[in-house]
């Protein structure tokens, strides 16, 4: 039904590669989200999906559509841009909120508010995944 | 004047007079009286003038079309019997008016009295001269209503209110029964016309419905005529002003019942059922009424019970089914009207002059008011059936009928004895009235010094008593011919031979009369001393008070019972209502499926896509989780709801509905923010408080609800699956797909449907959105947070406290630090989203997008700024006027729609073509796009209005608390 | 040939993405804290966005692109609102 | 496919109904939203399911309706979504106002005793 | 000019966005131009702090560096996730005193740090200009501080201040 | 379509334009807003009457029994059509009359009790008229939502705990009902593939047997949605509360809303499941009959049980709805005719009653003059409030008498006692149910019919007892009767509506003729189908585009 037939194989291979790369990275991110112990570790995981995970799929999409329509189809770049700009916003707000909640509940493993330059004495926490 | 017009006038005049009287000033006593008197007198003259035409034509009719298709026309019909009553009603009415003028005190709002009086008279005339059964019911009910107003005239005392209510309730019930009965008669006869009904007596009597008809009609007649067992309302009606009693209980109200019995006598009488029901009621009323009358202390009470008794006599006569009985009944109707009216007026005079009607307090009044006393004596003698008075004649006829055997039965054998007994009682109470009021020694403690009343107060009595005398001495010359016309008009060919002679020789009836007179006299002599000091009401029956029973029943049925029923048949709680709704809907859907043998279609697992299944696994978890968590973890539930929405979007995309996915996504975002805004005003709820204390009942309720939920879900699944797997019908969609581009000017068929083919739906849809936004706005204008929400959220308090506690920081640092960096990005996204919205709008007609999604996107841009910087900051810079956006949007949509009128096309006719613009090339220009602009504008306005109105509550709260603080300072 | 490649890779990619969404959902349900749920909700959105892009490739058309674009540009708004609700107890001050 | 979607519709509606019968206003509003999803998908499914045939015409002037999914249910769902959004917002505000005036978030405005 | 075209750079980039979305054509340029202008005028209403970009030339360099770093740390974090329990790893907070004050610059820095898997922007205090980040795989705290300050902050300060 | 035809859409567009325009005016400009609103309402009445005349004449003279308006110039069944026949015209007139009265009443003060009253009111009218005019099932849903949304706003107008609680229930139930509406409509579409009512009527007989149960299930669910609006027991418990809590003018206009449910049920049951509906003919009639009877019984009980006059009025609505539903269930042209007459009469009556109640309650205690809204007032500082002890009207001595007369009239009308139209309506129903030819064909009259007759009569009795109790308590019992302060503007609408009832009595013959003609055309919808489906769009603007 779609004109997949007249897509050159190299393009198909490239598309497939990036597609699977991107989604694999995203999956990894989610796995990390699932397996990491503390919230502050988990917060790192989704960025896999939002950076190169998204990137991979977008590149695949760009290649695919550009070759298929034999003209540059670049509007996926916008998605990349928007994701890169918006994800930090939510993550920053979320992390700060989590920090506040942990502090107000006096949970351990969170730094005190003190921000004196020499207050680098926070104990790094050792943990497996 | 033609008979038609005078017939109509007889009805119209009284009501017109009533209207005229009601607008008279409250103190216009004479004006009202003169008006009423004039009306009554004219009616009397009209009636009298009818006699010749009634005499030679028998029946005079006048028909005015009213509801022909329902067989209900204004048919007025005057015959001898109706004529007789018309004369009685208007004549006695005239006399009562004169009497009332002097009876009523200047303090009373007399015009209202005469207004009701005239209206009542009109209704009564209507009853007697209406020639259509339903019309008769109309007037019948009117008499009930106006008698209600007349009895309750002195509504400041409770007895009047109760009497009026009881009268209306009983007679109202009767009237409704009468209506039902007449409906059945109409069903049999095929017409409500009186003449046709009177002509089809045999048909009716032989019909299966005869007994129901009889019962219903008698219900009407007995309630009206206060016949046993419906008699008890009448004595309570004595709370009415005496003129009212004199009118209602002599010639009119109560007479309506027996009038009806006589009127329908040819149709209903003569059967076994008729004899038994009517006869029994009549005899009971006759004897018991007379017996009760003896023991009344109140004169009017005595007269009331005697009325019941005399009407019982008439009913008894009619029950016999013999023509002679009917003659006697009609004759007694006349006589009773005359003497009873005069007696009531006399009672009124006594009350008026002495200030009391208690026969134990009264006495020896003969010395003070000889004329009145004489008149009263003559009248009550007539009531007792003393010879040479009219009462005697009809009583004689009654005795004669009583002994004559009709249907062989106990009732029949009892009749003579009952007749004598009742008559004896009548003699006794008449004697008591005369003796205890006018003779004996005068008690000391009379409220005021009695003397003769003014002439015009006595004049009506004189006339009536004169009538009693004349009729009693020379019946043949006076009442004879009129009675004959009346009788023939009722009985027609069946009219028997009868003589009105005073003297028939030494007959059994004569003997019975003597017996009754003697017995009554003796009875009174025996009871005299007892009656002088007994308490009110008859011995043995004192406990059994009809009206108390009635009141009890009324309260039990119409109040307590009703409340109980309402509470079990209905509910005021929401959950049961929703439960019922769901159950009903489920049954409604399941019933046809069950009835027509439903086959859900075979399950096919083919084409089952793992990805899709996985997506829906996510969706299912989200839905169930939301249902599970919504009580204690609102935020969690909200997030899960979002998840379910996301899965819905993916489904839309999967099954080729990109527009739906777009819209759903944007709505998701806005809804989430909206509910979050609301969450702040809901009470804190923690799981551990109420968890685990669920009672068994609660648990059972939960299981029931769970079952219902599962049932509904399964039902939806089955039906959806069934429809999806059936072969689709030929839908109207093909037309849209074919015409969307060629005639709608767009490639995105969904959008073309929305803005063109079915643009009218969108038109209404945006109106809904606008209305809701306005409602939300209006509601929040009056929003008042619950006490536990008034202060700012815990987090803000903690953070402020923290900032204030530290020397290096000041209040608000935390939040400003918090938003410092993110807000930069969110600001820069503002124009980006605007451009994106423009993009969505522009492409709508040809590709997924359109005014609605564009609108929400733009709204999101605004909301993002509010999120980033707070309400004040934004509104210092941006002045969004959402209400105007809404109004503008609606107007644009309406104008675009109406624009097509200019070209003579129907509303919302779109026009699209490509316009060649310099250096831009051909661009699509469809009026549909303009319409979409209206949509866009409205959506922006509505969405922003709702969210911002909600957001404003926080500021409102701050302002309120500030005001509160100030006031506290002022206090301190 | 290339059709087969595309179809297969898209199918695999979609499976991976759905698995990713499932993981995020699992974390969402597990929590333990609200911030974890919000974080995984965000991840869920990203997964959905990528899924939509794969549809575009599978269908060889760009009609599904805007949906993805909407998630990319506006999907974070609800996350922001949620986070702010955690931090301040109030979304718009 | 049909089966999965049907089950999905059922679960959404069922969960919604369950919440609709709960005593707390917030539960009711979530329930109404879930029912909304279910009903929208139900409407959508009434046009039968077609994969990858969006009713967006290729610019070809001649159109074969068989090549496209039924656009009408989609249009109906769009309207339904909008109206659902509006009513959700309204109900939310009403429950807030009720909570404010009665002090309780019970649907009957007072705690059951 | 500045009244009509308050943010030329913004307007331009919005126009580019429009082009990307609608493809290239004269009509779209005109239409997009109008819309972009309108959007930037709307932006002007918000009176945002207007960033001054001094060193255009450094932007591409920074972008490339960041992309590379992101790619590297993607692999690193993926490794961490895949390794599972086989190796213990310490994560923790690092406090970094910043000189960079420009809000836009800070925003870009935030995007960089957050977008890089393995580092997360946690809190920033405008008063003291101190930033706290969380590092997934924390071995040498000072190394991270230098990395951020040397690799990103310096460049950003050159660009924005 | 000639421009005269455009009159048909005016009842929808005019109130919309008025409402939208009112939005652009400043909040505090009450006078100008009131003027616009009233003018619009007046215009609506004039238009409605004109439409009624045209509908009556058209069907009397030419073959075109029904006026058809092709929206967007798209032919039925594809586009949305408005259909004007005697029934819809009648409903339009009734709506406009009631609207005029309530609006006038509200001008005494209610319209200031909250923002955007007039807009909401106008849009409610738009929704009502749309629902009465549209010939498209989904468009009907849209207009239902329009009128419901506006009603949500209006039922809460003036705020206050009572209103909000009742409103919450009202909204919750109706939202659920709306979902049912959607399910029903879409299911019908899924089976028949069309949304146009006339087209549906044509397609339904052809629905294959294995799909018919799905069709009927959809129709049944749809019916439930309408029954909620019509207030059938046991779906009607929200109604008395909501109506008695609503502000007087709002409650008055709401009376027409239960009639919307009746209208749609009547229209659809006769159009889709009438005699020519093949296997599905007569679908649901018995349910309506018995449901209606249950509703009458419950309503009557409620009437007796209610202490507050407001609830009494609310329950009388249920009685009237039940009567109408049962009448549909009878599926007999003459009964339908009677039902239509009864509907008009009872609507006017209860509308007047709701307005009157607020006035007579001032007899009981003058404190009732204070709006609950002013008690609850917690608005913005700039918000204009109705002052606490606002003196309403002046105490004229005649007031009490006038109120008494009006109350008595309402009582008679509710009880169906002579001489007013309440009696005529009830008699029309009864005489249609027990009539010789009804016996002739059926042989005997069904016992259910007898039960219905009894219920009708007894419900009247209950109304009589209850209203009498209330009237005595209000007008007679008080020793020191406080003379209420009533504006002419407030009593005039009541008098207006009651006068109309009187006219209906006097002109009963003509009215009945109209109703019978209406019923006839409803029971033989062939003309309707022909006219709707044969209406041709004007050739023109949508010519194939130059590429």
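Note that the chains are named A, B, C, D, E and F in the order they appear, and that numbering of residues resets to 1 at the start of each chain.
The definition used in the following text is that contacts are C-beta pairs under 8 Å (C-beta built on N, C-alpha and C of every residue); 3 or more make two chains touch, one makes a residue touch a chain.
Bear in mind that the values here come from a model prediction, so they are computed numbers and not experimental data.
Interface comparison, B-E against A-B: more C-beta pairs in contact at B-E.
Ranked by how close its mean Cα position lies to the mean of all protein Cα atoms, the top chain is F. Look at the CA centroids: the one farthest from the centroid of chain E belongs to B. In terms of their C-alpha centroids, the spacing between chain A and chain D amounts to 31 Å.
Here the spacing of chain B and chain F, counted between their Cα centres, is 17 Å. Our note on geometry: chain A versus chain C, Cα centroid distance of 11 Å, whole angstroms.
We define each chain's centre as the mean of its Cα atoms; on that basis chain A and chain F are separated by 58 Å.
Shared interface positions of chain E, defined as residues touching 2 or more other chains, are 17, 21, 110-111, 121, 123, 125, 128.
Chain F has residues 138, 142, 145, 149, 152, 156, 159, 168-169, 172, 176, 183, 187, 189-190, 195, 376 in contact with two or more other chains.
The set of chain B residues touching two or more other chains comprises 572, 574, 578, 582, 654, 658, 679, 716, 723, 728, 731-733, 736, 741-742, 758, 761, 765, 768, 772, 775, 779, 782-784, 795, 799, 818, 821-822, 825-826, 828-829, 832, 836, 847-848. Of all residues in chain B, those touching chain D in their complex are 572-575, 578-579, 582, 603-605, 607-609, 612-613, 616, 619-620, 623-624, 626-627, 630-631, 634, 637-638, 641, 644-645, 647-648, 651-652, 654-660, 663-664, 667, 670-671, 674-675, 678-679, 681-683, 685, 705-706, 708-710, 712-718, 720-721, 723-725, 728, 731-734, 736-738, 740-742, 747-750, 753-754, 758, 761-762, 765-766, 768-769, 772-773, 775-776, 779-780, 782-787, 789, 846-848, 852, 942, 946, 950. Residue ranges on chain E touching chain B, taken from their complex, read 10, 14, 17-18, 21-22, 25-27, 30-31, 35-36, 38-40, 42-43, 45-49, 103-104, 106-107, 110-111, 121, 123-128. If you check the complex, the residues on chain B that touch chain A are 795, 798-799, 802, 818, 821-822, 825-826, 828-829, 832.
Note for the complex: chain A touches chain C at residues 2-5, 7-9, 11-13, 15-17, 19-20, 22-24, 26-27, 29-31, 33-34, 39, 42-43, 45-46, 49-50, 53-54, 57-58, 60-61, 64-65, 68, 73, 75-76, 78-79, 82-83, 86-87, 89-91, 93-94, 96-98, 100-101. Every residue of chain D that touches chain C in the complex is listed here, in rising order: 52, 54, 56.
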